[in-house]
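Written out below as structure tokens is the structure these notes cover.
In this document, chain identifiers A, B, C, D, E and F correspond to the written order of the chains, with residue numbering beginning at 1 in each.
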Amino acid sequence: MRLPLISLKQRSTAAGGALSNGYCMMPGTFSAEIFASQGFDCVTVDLQHGLIGSSEAIPMLQLLSRLDVTPLVRVPALNEGVIQQMLDAGALGVTCPMIETSEQAARLVEYAYYPPLGRRSFGPTLPLSQYGSEYLEQANSTIATFAMIETARGVENIEAITDIDGLTGIYLGTMDLAMSLGRPKAKLFEDEVLDAAVSTIVCHAKRRGLVVGLLASGTSLIRRSIDFGFNFITAATDIGAMRSDAERAVKDYRSAFVLSTQANEE
Amino acid sequence: MRLPLISLKQRSTAAGGALSNGYCMMPGTFSAEIFASQGFDCVTVDLQHGLIGSSEAIPMLQLLSRLDVTPLVRVPALNEGVIQQMLDAGALGVTCPMIETSEQAARLVEYAYYPPLGRRSFGPTLPLSQYGSEYLEQANSTIATFAMIETARGVENIEAITDIDGLTGIYLGTMDLAMSLGRPKAKLFEDEVLDAAVSTIVCHAKRRGLVVGLLASGTSLIRRSIDFGFNFITAATDIGAMRSDAERAVKDYRSAFVLSTQANEE
Amino acid sequence: MRLPLISLKQRSTAAGGALSNGYCMMPGTFSAEIFASQGFDCVTVDLQHGLIGSSEAIPMLQLLSRLDVTPLVRVPALNEGVIQQMLDAGALGVTCPMIETSEQAARLVEYAYYPPLGRRSFGPTLPLSQYGSEYLEQANSTIATFAMIETARGVENIEAITDIDGLTGIYLGTMDLAMSLGRPKAKLFEDEVLDAAVSTIVCHAKRRGLVVGLLASGTSLIRRSIDFGFNFITAATDIGAMRSDAERAVKDYRSAFVLSTQANEE
Amino acid sequence: MRLPLISLKQRSTAAGGALSNGYCMMPGTFSAEIFASQGFDCVTVDLQHGLIGSSEAIPMLQLLSRLDVTPLVRVPALNEGVIQQMLDAGALGVTCPMIETSEQAARLVEYAYYPPLGRRSFGPTLPLSQYGSEYLEQANSTIATFAMIETARGVENIEAITDIDGLTGIYLGTMDLAMSLGRPKAKLFEDEVLDAAVSTIVCHAKRRGLVVGLLASGTSLIRRSIDFGFNFITAATDIGAMRSDAERAVKDYRSAFVLSTQANEE
Amino acid sequence: MRLPLISLKQRSTAAGGALSNGYCMMPGTFSAEIFASQGFDCVTVDLQHGLIGSSEAIPMLQLLSRLDVTPLVRVPALNEGVIQQMLDAGALGVTCPMIETSEQAARLVEYAYYPPLGRRSFGPTLPLSQYGSEYLEQANSTIATFAMIETARGVENIEAITDIDGLTGIYLGTMDLAMSLGRPKAKLFEDEVLDAAVSTIVCHAKRRGLVVGLLASGTSLIRRSIDFGFNFITAATDIGAMRSDAERAVKDYRSAFVLSTQANEE
Amino acid sequence: MRLPLISLKQRSTAAGGALSNGYCMMPGTFSAEIFASQGFDCVTVDLQHGLIGSSEAIPMLQLLSRLDVTPLVRVPALNEGVIQQMLDAGALGVTCPMIETSEQAARLVEYAYYPPLGRRSFGPTLPLSQYGSEYLEQANSTIATFAMIETARGVENIEAITDIDGLTGIYLGTMDLAMSLGRPKAKLFEDEVLDAAVSTIVCHAKRRGLVVGLLASGTSLIRRSIDFGFNFITAATDIGAMRSDAERAVKDYRSAFVLSTQANEE
């Protein structure tokens, strides 16, 4: 049973021009399937702030490839070995943190694509089994690469970074960028300095037709993000979702217990 | 650093006479910590319907022992080896599914307690490190045992089951009981036959001063359960929480996207 | 993305009345995918003689569910906890070794099916995510149960065993049966005593319309098995396949080395 | 029980001047033992295109050390931490992909050997247990280092690369080299441009007495490789072997089924 | 490389008629190798009070088979599936806790040996690779079975238990036996009641030529045990060893720190 | 239950100005808890010479955070991704091997601290759950960074290295330093050349108020180290402890066996 090979851009087009994304930060295929099945267009296995090592990411990507989402990965750093192993495990996109220069963006492209675009080494064992020989011909046009911009230096170099051929998108590291700008408590759309930097990023990305993503939760913030130009929205993380609903459940219990006790006492 | 040895009953007293409980159904210490930290009084590692094997349950119980919750376990079946290994890994309570006779309830007690109450084999490697020698003296008075009643036969034998010395509580298997009663779609507090059976269970448990638990979510259902006599409420499961909040996040995204698109089109 | 719920019998019909089967004896989702993708109708995760524990079987079954094969499991023994956890992890069939009496066959059925047919406990977390609510209604008609007959005593009781309602098939344990009959070196279709016993098994299974399976490799033995009445053929195991082809590769190397050396010396 | 410390070169001499090699691409000690026991002189745990992380490679290397093969590793990239951990886990050789300059080859040597040859940090916990104090004295003369040449740039610098003191061998990345040369479909011994590049590599390696390896399967291709000067032949990978034999088994089944059905119909 | 197949009795003879034994209670092949390499005659992977599941025990047994010790296992309970999987993973002996009747001892024998002695199912994948076809012929004469006697009831039935054909030895559960006799604080060789029970056990075991084992640490206690008739001495557990030496190291540090501080202050 | 956030320096002050440290070199939370509970002030999970990968280090750090020790980590190399993931998993300190220049020391600081001191990316999922929002404000003042000096070059640059702002301490790599100085068999406090280099290191560290650590076992060597100026003493490793006590146990057994045999023969 060959899988169809669908790039992130094709999926975006099919979804009306924007993508909903979820972040898996917990290791395990079981939670990954439950989380990924809630309707996201694409799901990112997070090896940076998620507590997931390469060993656990592999079966997660393997499984996500079989669900109706595009499997993506965020790597811990600009590391050739990790990037290529995640691609060989079936990731169809890579987000790399802390890109600050066009040279770094170029290395991301170099690591993620086969010649002539890059220097990825050939050996896609799992994708070959998943997609068949179509993968060989279309890997370079299918795989997505995202450079995270999350420092003042990254913003300074945004024009050169977005000019790198082969890059698919920019992903905003909002909190890191705020810290780097010396405004650790700034929130998006509420701080002039931060917003100006973000605006610069979005403009240059748009100029080159790149996808632009960020983490944003809640209808209101998501809408402002889309209006601002973002078209790749990380609307939830697995641990955020679990934590928030569990917290609510405990509150429900406590209210019910108080109500019941009060009624009893009356 | 010795941990204080707190039984479920002591915790219940401290919490006003009832307990909030959460179910871990996903393997992994990371999700377990995040989930368990939301305020539950006790957390159950579920080896029955959770997709967790003994190997993964061990580090989860080891960690939960160090958080401010009572670590419990639900075993897949009335299996001496599994019950004792989970206790040796630090579980302070065991829930056993499908108890239908007093003989089965007696075996649960036999497996979970040291002589003279039971025949648990001595070798609590991890609890000794966690609680020190206090564990040796107080294991039998600390460890909780729950018999799940989830069949018509279990209800028939409820008097004899609750009479078993050493048993701490009854846990209701609502859906299984409904199926066993030939009413697969019945819901609690909405079906006379099911409610009558549950009432019988609760009465006999209360008569013997046992804890009575069930899964119930939402303030309203929890309150009805407490009013009905339940004092151990499983208010959330990790996967339920994750799924429900993630589903909401995707809806938020879709609403925002539609609103933004509509505004643009105008 | 809901999966279609296809029973083993439906798959057999689609395949012309017989099934090719492969056995996964090594833990790991990666090897499972590669092996399962070679064209088998159904794949069995072997927890008996395979060195696979429940913990590793879970992600393997989870993944196999998404490939175009029916995911089956062989459990180590007639153990309620293991059987039900494997079903909750997505297995659509269970093979149980060493069934010798109709009482044991009845327990297999009891463990594997929901009421009223059996007493499987409700909580199919993963299948619900995979198949949606269709699973609730069709689990009993979809799940397959195979009793292994592999002792003289099992043969003696074959009529009563095959009469058990709910049983889907019989799987022959050829080597164990030969040992039990006191003919440890006997081979199938070459030994009168063994063949007579197997014939009895097949006849009774056929009488009841049950599937009948065995391990048989090589075109000739497979054909004899089908002619004999078998319609479920385990044509390969992962380790058998790996071993046999690796052995051939080493021979290839040695031949080539000798040829090259001889040519050089001339 | 101390193990004898046998270098790859000693094993090559014992085997008549060339080595058969197998690649483990699947994680797991069980499959590793079965595969490695088929007669290879040396076995490589592949952390590059194999879906094996460091965590799984460690017990695999630990076990391979106890079988009658030389345990080798291919690392994902020129990464000091990974190379040294794999050596501390018992690898007696390291293959590093994408070596393009003598500076890179020198770093490989630096990472893999103790002073004065390199700067490997001292702490060989497992080899000390395996080989005793002999390891301290002979590690540098026992451990093998292979630079993979798989780009046009690597070929250009082959003289300088092979001149690096301490390097044991060259391993050809045939497919990557073909892609780098702009001839993605070229096959070895069938394409002038590719063959010329390979010839250059082999000549320079031979000039310095280095081992020269490649992946080649089938008697005929292996023989041509040996005749061409290669003396380290990767004759099989575990997944390749499993896939190829499983595919054959399914074909066997289908032939048998067709034959049987046709006979029946007649 | 075939391993020689050495039974525990052969090893005992070679060692002068008694055996030193170590217990692995922590999961992991790395610690298992370090621990097992200290000179024990045989090493037991403890799935009962050790926090080791079947999944982790498999690679441990696989590795121990390759070291110069006899690999044994203690199972959590009299469970056919677990016993047979551990044997298929290479254990050459099984210790089963809580044997109280001759019927239970007979089941242990039944599960551990091939027909005609028992009913172990055939499929020793790993031993076949380790020992070759010799295993088929000699498994029954090589594998050791130990019944743990650790209750008053077990002592009562000791004659019938030791009369069971095929049983290799008795292993004393000293602490459990003391508890069962109502003397929880009794120590061996210091309590008349306990010693009388142990004497009965040893006499009956000796009468049948069985091996008799126990846990005993320190030269003095080991010597008294040997003098008493024991010939299988568990002289250390991995966690006991680690704990005791680490405790000493902290004391060393504290003494040194105090001495240094005092000297400084003078 | 929020944990108090205690820096290594605070713990050192509380302990009288020096710290006892233990090294975890074996993967697994179980052994980590047993080992860490013996009284060390801080425990280091060793990803360099310990056979522990990132995946296993995460649950170990998660658990150590809940014990009464400061959880530290030694990374395999100066790798941003690994350092930040270990901090996100709860490590409160990082030891980095092979620091030879001030530029490398500055990169260590850059990777381990948030802006403005460094460029650590924000996302401390686990510490947020463990310490609450206090972590955000105090991470930079709590986290410790140790540069290992273990080469002649590192000694040459010790002044510039210790001048790097933000560095917490120096850790001596005694054996590597001896090898780098061309004196592979030199022992500390017994070799003039080695001692001179160490003296230089300690002086410069003290000048800047840095912590200075090393591995030293036995009261006498620890005392000499403290007198020499060291105030961070690795007094044991888990495998060293296990090995040394197990070796003693085997000796005990052998003495007892010989004594008993001799007595018997008389």
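As a convention for this text, contacts are C-beta pairs under 8 Å (C-beta built on N, C-alpha and C of every residue); 3 or more make two chains touch, one makes a residue touch a chain.
Just so it is clear, the model here is predicted, and its values are computed rather than measured.
Colleague: Spell out the chains that contact subunit B while also contacting subunit C.
Modeller: Shared contacts of subunit B and subunit C: A, E.
Colleague: How many degrees of rotation bring the Cα atoms of subunit C onto the matching Cα atoms of subunit E, given to the nearest 5?
Modeller: 120
Colleague: Identify, among C-E, D-E or E-F, the interface equivalent of B-C, where equivalent means over half of the contact pairs coincide by residue number.
Modeller: Most of the contact pairs in B-C are shared with C-E.
Colleague: Go through E-F and B-F and name the pair with more C-beta contacts between its chains.
Modeller: Pair with more contacting C-beta pairs, E-F versus B-F: E-F.
Colleague: Taking the mean of the CA coordinates per chain, how far is subunit A from subunit F in Å?
Modeller: 35
Colleague: How many angstrom between the C-alpha centroids of subunit F and subunit C?
Modeller: Result: the chain centres lie 51 Å from each other.
Colleague: Out of subunit F, which residues touch more than one other chain, so two or more?
Modeller: 27, 30, 34, 51, 53-55, 58, 79, 82, 125-126, 239
Colleague: Quick one: label the inter-chain contact graph as line, ring, star, complete or other.
Modeller: Its topology fits none of the listed shapes; call it other.
Colleague: Okay, what are all the chain pairs that touch?
Modeller: A-B, A-C, A-D, A-F, B-C, B-E, B-F, C-D, C-E, D-E, D-F, E-F
Colleague: Which residues of subunit B touch subunit F in the complex?
Modeller: 1, 29-30, 33-34, 37, 58-59, 62-63, 66-68, 125-126, 129
Colleague: Using the touch definition from the top, list the residues of subunit A that touch subunit D in their complex.
Modeller: Per the stated touch rule, the residues are 53-55, 58, 79-82, 84-85, 88-89, 114-116, 119, 121-126.
Colleague: Quick check: in the complex, which residue numbers of subunit E touch subunit B?
Modeller: 25, 27, 47-51, 53-56, 75-77, 79, 82, 97-98, 150-151, 173, 175-176, 179-180, 182, 184, 239
Colleague: Which stretch or stretches of subunit E touch subunit F in the complex?
Modeller: So the residues of subunit E in touch with subunit F come to 16, 18, 20, 22, 26-28, 30-31, 34-35, 38-40, 51, 217-220, 222-223, 225-227, 233, 235-236, 238-247, 249-250, 252-257, 259-261, 263.
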